[in-house]
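Look for subunit A in each of the two complexes below; its partner is subunit B in the first and subunit C in the second.
Up next is the complex of A and B:
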């Protein structure tokens, strides 16, 4: 994927025109700005502040938001602002990892399915239909519960459930690419299916997959948080947004800030990724190519 | 001269519909007993209208499609290459030219990037493009230049035979001649055998040594270009030649009233051409065989 992206980059993109088109789309700009804020807060701030999210301070238990504790503190006096920053590393990191894994696996399976056709294709697609037929959150919960409650198992469960979307998407795109002359030529020159997949199919179906993946990050953050909320994901005392919302539940009437700030972080980040995904989809839409 | 590649009595049938038990109920008869042979340094033209089995023939020759019956003769391993009709679709838009051109090489043997780029530069020079354009992408070239790139790619595997599947029909008329002359020059230099598939009578006449006229998956007339075009024996060939527009004449006198090609799902009994044939008469209800006249001029018509 990185190789393909760098190849894309080396294609002499018209940066000025790209900037102009991004600038003409307020959705993309908003998404980019919001994502910038998230990256700064989650990626840089924890290192700059260098504070341990698990430091207990029993004298400052359940303190309301103030200048010394921006988001207040929890029931053992841990600073919620610091924990939200560190929790973001877990939530977003996990979400990116899950999306990367399910997108690459799904693209390879879907590409092969579309390329080989016949029985292989039918078998793969029926299997994916079965997975898609079950509501994804229910299936994720069942998988995570069966594997045992831990963040690793939650990651595996979500990744498995996310794969069929990519399989369907990339298979559909592959059916188009498969008919292209360069695939026929490659066959004549003796390319094997895996070579055709790597050389021709994947690079040419990448943009819709990237769009889908960006949109998915927001949804997966919600799923990770959801699993952690019901105790199937990150385990205490790890700082993770869903787990924090869950822990704050018992204090929600008197200490609203405990659940509210991690919850807002989830909301903000999901929206950021969704806006960006929408923006990229608009930019890569071939019908817009002619417009400047 | 030995044949570089040949087909012996090749039939190709595709299943079109199956019943609930998976048995084939309807078949498309794409090729119905085709035999051809091409020698090194020679060019065979396959002439026919769309739907006559030209593209299927190309797929059988390149080995993409196994014949339902019949034989492909000649050693095809890495020695057969192809140039396709539409250079917009036949070059991967996401690959730089040096990778496109050397694809037949690196598919089989991992080769260093520098070696491939050098090879690509040489090949571009061979087909009349600037060798320093190896890093460009297909969309930066015109249609004729793209077809030159496709030809360079076809040459890179050092083939003996190149299948040319309508190589000029997507190009401007002014560029067509350039591409054909480039191919002729390459043939003279490298001793290539060409199979040119086209619906264009003028292209075949200009380019080929021999021609096989196809109708409904059969060869109806075959021979040297000079004989066949000077003295067409099969009524279908005459119709095709008459259909070429000429200045100063009105509607060609042989133009057919019945213009639809018969379905290839159920083949006609007897002569395949009889329902469109201006010369149809008694005897046409029997199957026709491809039989020889003087100088290897073969015709599938009992009235010729």
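Up next is the complex of A and C:
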């Protein structure tokens, strides 16, 4: 996957033109700026501040936001600002991991399915239809509950549920690509399906997959938060946005900051990824090419 | 400002659900955190169940109320009078005539005998309050004789327990596989109390209606609705909006703000309700005294009391709380010493290991305390996995000993150190009965059993204090605090009487509501 990506990149991107087109799309710019803020806050700030998010201070519990505790403190006196930052590492890390796994697995399965056709294709696609037929959050909850509450299991559950989207997407693209002359030629010369997949199909179906993946990150962040909210995801004392919103529920009337800040963090990050995904889709949309 | 806006919004959202904002004056609505499990008085020892099980039945004696305050003394309820033999073994009760069960059958000596025989035969938690070998005879229709194998000092008071309820012998018609009607009675009532179970939608609501054959003044309330609202904020909002009249288990953080709401009062009562941690003495690592001692050292009790309970509690240094005779003021407060605990845990090979901490949502303070303990132990080098489950499955785990650390509340059913010492430490009462740490020490067994049959109170006190010292040295539990009970209700609710022996129990027959 990474090799394919770099090959795609090395095929020559007109950076100047790309920059120009990104600059012309305020949505993409906003998404990028927001994402930059998120990356700075979640990726760098925790290391700069070097505060343990799990240190309790029972005598400073449920303190209102102030300069010493920007977002206030929670029911055992932990600093919510620090916990939101660390929670972001969990939420975003998990989201990126889930999307990477489900996108790669889905692309390979979908590519093979499209390439091989016949019984294999039918079997794979019917299986995917079954998974898609069940509402994804319900299926994720069922899977996570069956596997037992833990962050790892939540990750597995979400990844499994998200695979079919990529399978369908990449299969559709593959059906187009496999009729192309160069694939025919490769076949005639006796290339094996996996070789064709790796060398010809994947590089050519990658851009819609990348767009889908970017858009998915926001959705997966919400799913992780949702699972943690109902107690199937991150387990205490781990900081995780959904779990924090859930814990703050009991205090929402007097200590609004407990649920509000992790909630805003979810909102902000999901919007950032969605805007970026929209932007990338516009950039890679063939119909947009040439226009600027 | 922000608070009022949020509250108003939330209240708006809530009132959209509830059709009616103010409840009728003849209906009392109570918001409860957890659904009861079984309301069979011979089975349950959970006060949360007794909210239903207690008022549906009558007992031979009941706690007295003087000047609106619950007393530790008892007076006859079904019993008119009683006599006791000089050796304290034979008790004879004369029943009041004219009492009937809700189906019209008479409350007679046979029914009393049936109830106690059933209680002892089922041999569940409530039977632990009575000496095994208890013999009950119906002398005539209105005279019943209890013969005890040996004198049992708190016997009269145990008759006011929820478990001493007089049950209609007709429940045997519902017997299945020799369960003495236990299955049926877990979700039905068959008593002579002022109220009986009307409807129970599991996990949703319970309705109690007056028992038409109740042999007392007709209650002012025509219906008692108990709604199960697991979320503390939702309970509070419902109370503020007037959708419920009483909200149980309001977190102590919220009572202050709640008390300021017009139309709401928050009553605070010094109680004998204690909160403590069970350490599973039967399983590694807490089968090792050193590990238990380290656990006691690792918990920041002062922080929990000041921070989480906001001072509405006092530290406990031993099992018998202040206010109960037998309390030992000389017991030293355990030292809070993370460094020492860390050392001990490391020497036991526990550093970096994970312990399980079982809890439920029964008490809103539990989760916060668990987080504090988790953080304390993390400092001491031990990880803790919090396993929160529904109260029913949590209690199953307690009974089965499927935990390493767990948290519990305990309130006495009668004013006697027996309620603490014999329940918590007698190795014959392991599990849900009371010895939840699965603690076993023959010396303590001997002392508490001797204290139970001794009739001289000063001798009993000495024995209990001796046993208490050993048990504290054995670090069977981590004693946290005894708290003030707080109950939030609308100011239209009248006649509520608090009794530390009757936590979460209401005498609906004497309660009323004004406009």
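What we mean here is this: the second predicted complex is superposed on the first by the 291 of 292 C-alpha atoms of A that agree within 3 Å, B and C clash if a C-alpha of one lies under 4 Å from a C-alpha of the other, contacts with A are read in each partner's own complex, and residues count from 1 in each chain.
Quick note on the criterion: a residue touches a chain if its C-beta (ideal position, glycine included) is under 8 Å from a C-beta of that chain, and two chains touch if they have at least 3 such contacts.
From a predicted model like this one, the values you see are computed outputs, not experimental measurements.
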Query: After the subunit A overlay, clash or fit between subunit B and subunit C?
result: fit
Message: Just to be sure I read the superposition right, which of the two partners does A:283 touch: subunit B = first, subunit C = second, or both, or neither?
response: neither
Message: Applying the document's definition of touching, compare subunit B and subunit C: which contacts more of subunit A?
response: C
Task: Based on the superposed arrangement, let me know which partner A:116 touches: subunit B (first), subunit C (second), both, or neither?
output: neither
Task: Pick one for A:253: touches subunit B only (first), subunit C only (second), both, or neither.
output: second
- line: Least Cα-Cα separation in the three-chain superposition, subunit B to subunit C, whole Å, stands at 48
- line: Check: subunit A residues flagged as touching subunit B and also subunit C none
Field: subunit A partner contacts - residues on subunit C that touch it in the complex
entry: 2-3, 6-7, 10, 231-233, 236-237, 251, 253-254, 257, 300, 303-304, 306-308, 364, 367-368, 370-372, 374-376, 378, 385-386, 388
- prompt: Across the complex, what residues on subunit A touch subunit C?
  reply: 54-62, 75-77, 231, 235-237, 247, 249-256
Task: Flag every residue of subunit A that touches subunit B in the complex, lowest number first.
output: 7-8, 11-12, 180-182, 184-191, 195, 199-200, 203-204
Residues on subunit B engaged by subunit A in the complex (per definition of touch): 62-64, 78, 80-82, 84-86, 89-95, 100, 103-104, 107-108, 137, 150, 153, 157, 163
